């Protein structure tokens, strides 16, 4: 038994520790399993799944920026069916909560995906991506439309008894308004944030460096923005928050929890140091011991303002 | 005479080159003059001025973040009167376009400031700051309210014949909607962007590192976001744009012009290398020569999408 | 596939501002295959943020070599490494060349820094087979012949060897190539690979090419490195996982 | 005030993981005054982004010294500098100590790294005046006596010298201090400066303190470094321009 209790609760969900791996940055788990013991982390969020397989955007899909990266993958994924057939069996070998991230072009598609996936008992919860900046239909249109987000939450909730987390876009005036409607419509938690819309140009060809023109900015560059969004939600709406954005080390995790997160997700860092989560668990424990914190969940929203 | 014509036009304004110094990052010019010849740069934008002097926020006002910094100065400034009496005389010694940035808590205050300042012939134009994230009244409230931005533009235009540039907030869903209303109400140009709202916490005290809780994120971290905002405005609204956000070198300037900027402003870089603008002019010229560009203004919006 | 702190032995500067980085790392040296690559964290801090992919250039005992030129910030930092510095390596990555097989002559085709993976490939090709190398560059300055064998050179400006591109040079040797059961191993800019593909299709030559792409992870989780497949147009291949080496017939370059 | 590329001569490690950075730079060495500071760009790239402020520690001919400990990323990079590295300096900045004047004994009060500005101040104080130093630290490890004169030491844990803080130590020497026409020059953590201010007000001692603040520019354009003034509560003073040295009576600490 640990001296420090690292387990956290996000609404009805229990995680053995606050470190989840973010959608689109862990694939479907198999590659990551070569670097870390998936049984040790809090949870895994799958790459966004759509009803049918998606090819995604043509290259170039990524570019580095100061302390960040832009991506426009375009939700390339195997689709719900192949996921269930070919990807789930691997994940079932592990005792780690599996959150299925769903992205869709229509409200009906969200519902359809959820209906199919909810039958699979290996799936603990859904994360509804209403905020992908890199696809033409759906994506940002939904992310910027409060009533669409409300509707999606309501409809998805109506077809599953599993917890529904809604992943919000930071590219809005007041993210807390979106969190409010999610709560109203029965959503169980908020994931914040998805990437910021950004772009970059090649000064020789004058073409965008990313074929899709704009991409989503992630990495440490966006950490201050992500923290402010988490804080805004925490101060305005009573709903559990999973904090995401630019986490690079254990200190960042503590910062996100202080700002209001019940758990966090690691994204871009997985590309750089896929073994990092395990190292960070140790440090989280030390921090708690040093600060006489028995349960790490006591940190959530413990800011002194 | 130069072989390359570096001069640019921003609506009715002419600048000898596209490099302006951004509000809040050059003071009122005197300190900067020790590092560079103000007569060589395109223009200077003053620290935001309000009707009465403002003390600004208590410390700590700034904190470094990955490739960026947060500031919550709180519009500390000498006020319109002291500016005219004590600061303008120094600036008058130079032959450099002076743009007065105005920030206010009410629409009436914007109008009042403009009325007073427009009498001073050393002032070439106004930049209306509707987007400061760091003050309680005004600031973001205006920046997030389309009709307020429209009203301010209209009212300010009605009391001055000098060009009026409106500096927009990036903390909105669609910045181009704001640019549209500025154009509709007779605004002459857009400055984009002001800082992104962000925060940071001290994990030992659990207090925000910035006394004001949140601050404005600037520096290279925000460059991709700023470029995307400039591009969005350029694609949607026919109005000249002054690009701002994370410019660190001459290549960034070219990138901002390609994305749609007629001129640019340097902010955070002034703190790090206040002599940089002069070095960059040389490089801009070389780039144009190498690429057979006779007038740098040809770059504006020359993206190949 | 592992993440490991290795020790820099030295940086060797060849001609033409080409660098070799020699690294002590038994785990990688003893497991990596020609054509595979490594994703290298060039600094200890978060600048630059992402790892940089480099082909395995050569292996000597417990040491391996990377070959690069100073291109941007990352390679600038790499070039300044010194004996005893530690360096964070992720790999081995990708599939590597299929160099064991039914051919008698290996034809190496390299454009510019495309030379990087070949010293190790050449070392590993079995004794019985012939190796001939065709090396191209814009000018003589871009021609890298380090540890190549039986070299023919082409430069766009004619400053060294044949005047023209390296595929035109191959064409000059068409008769010789056709006389043997050859397999072509190529690496270089896309323009070269494209011309080479046509050349191989026309002449029905076996050919494997090592491709490049912008990459974030290098091991298949970011989907950042797609390349169009000829076999299934509904799905991209991934350069980092399905490649970087492809049968030239399987990809659209 | 200028921006200049200077050359690193060496980094000297004192006890207690305190470093001295010796830099060749006639322009700064010949113009800077005790108590002024420099804003140093610790790397050539954009990491870390902002300059780091350091007090002038000493001057020897065309060389100057900075004193620091490894605190975060910036000072870590500084500590790794070597002979011949170039380093980008902005300065001289701030006002400096008013050490010329009508007093007979300079009383130096330093807490921890607050020792940094005093070697140069001590060097510049005219021959006729006495100098006595009171140096504090949490433990003996934080006590820096480098080039100080007539030293008394206080540590919170009593591991060296007087047990208690440095202001309490000053109080122990009150009689001696009162016998002379003293001027106190102090630098250290805010808690120390606050206690010192009270001590000076009670005893009517002249006292100048060097203060710290988070800074972006260091030369007055960002307004990032306010400090509350006792004279005019409607306006902050700026640590970088109006300070970093203040008459202790002029500021609210």
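Observations on the structure shown:
Note that the chains take the letters A, B, C and D in the order they are written out, and that residue 1 is the start of every chain.
Just so we're on the same page, a residue touches a chain if its C-beta (ideal position, glycine included) is under 8 Å from a C-beta of that chain, and two chains touch if they have at least 3 such contacts.
Since this is a predicted model, take the numbers as computed values, not measurements.
The minimum number of touch steps separating subunit A from subunit B is 1. As a whole-number value, the distance joining the C-alpha centres of subunit A and subunit D reads 47 Å. Between subunit B and subunit D, the centres computed from C-alpha atoms are 36 Å apart. Distance between subunit C and subunit D, defined via averaged C-alpha coordinates, is recorded as 55 Å. Among all residues of subunit A, those that touch two or more other chains are 66-68, 219-220, 248. In subunit C, the residues that touch at least two other chains are 46-47. Taken as a contact graph, the chains are arranged in a single closed ring, with each chain touching exactly two others.
Under the touch rule stated earlier, the contacting chain pairs are A-B, A-C, B-D, C-D. Within the complex, the subunit C residues that touch subunit D are 45-47, 73. Within the complex formed with subunit C, the subunit A residues making contact are 24-27, 31-32, 34-35, 47, 53, 55-56, 58-64, 67-69, 71, 73, 76, 219-220, 248, 268, 270-275. Within the complex formed with subunit A, the subunit C residues making contact are 1-3, 41, 46-51, 88, 90, 213-228, 234-236.
For subunit A in complex with subunit B, the residues that touch the partner chain are 65-68, 70, 144, 171-174, 196-201, 203-208, 213-215, 217, 219-225, 227-228, 231, 246, 248, 251, 254-255, 258-259, 287, 291, 302-305.
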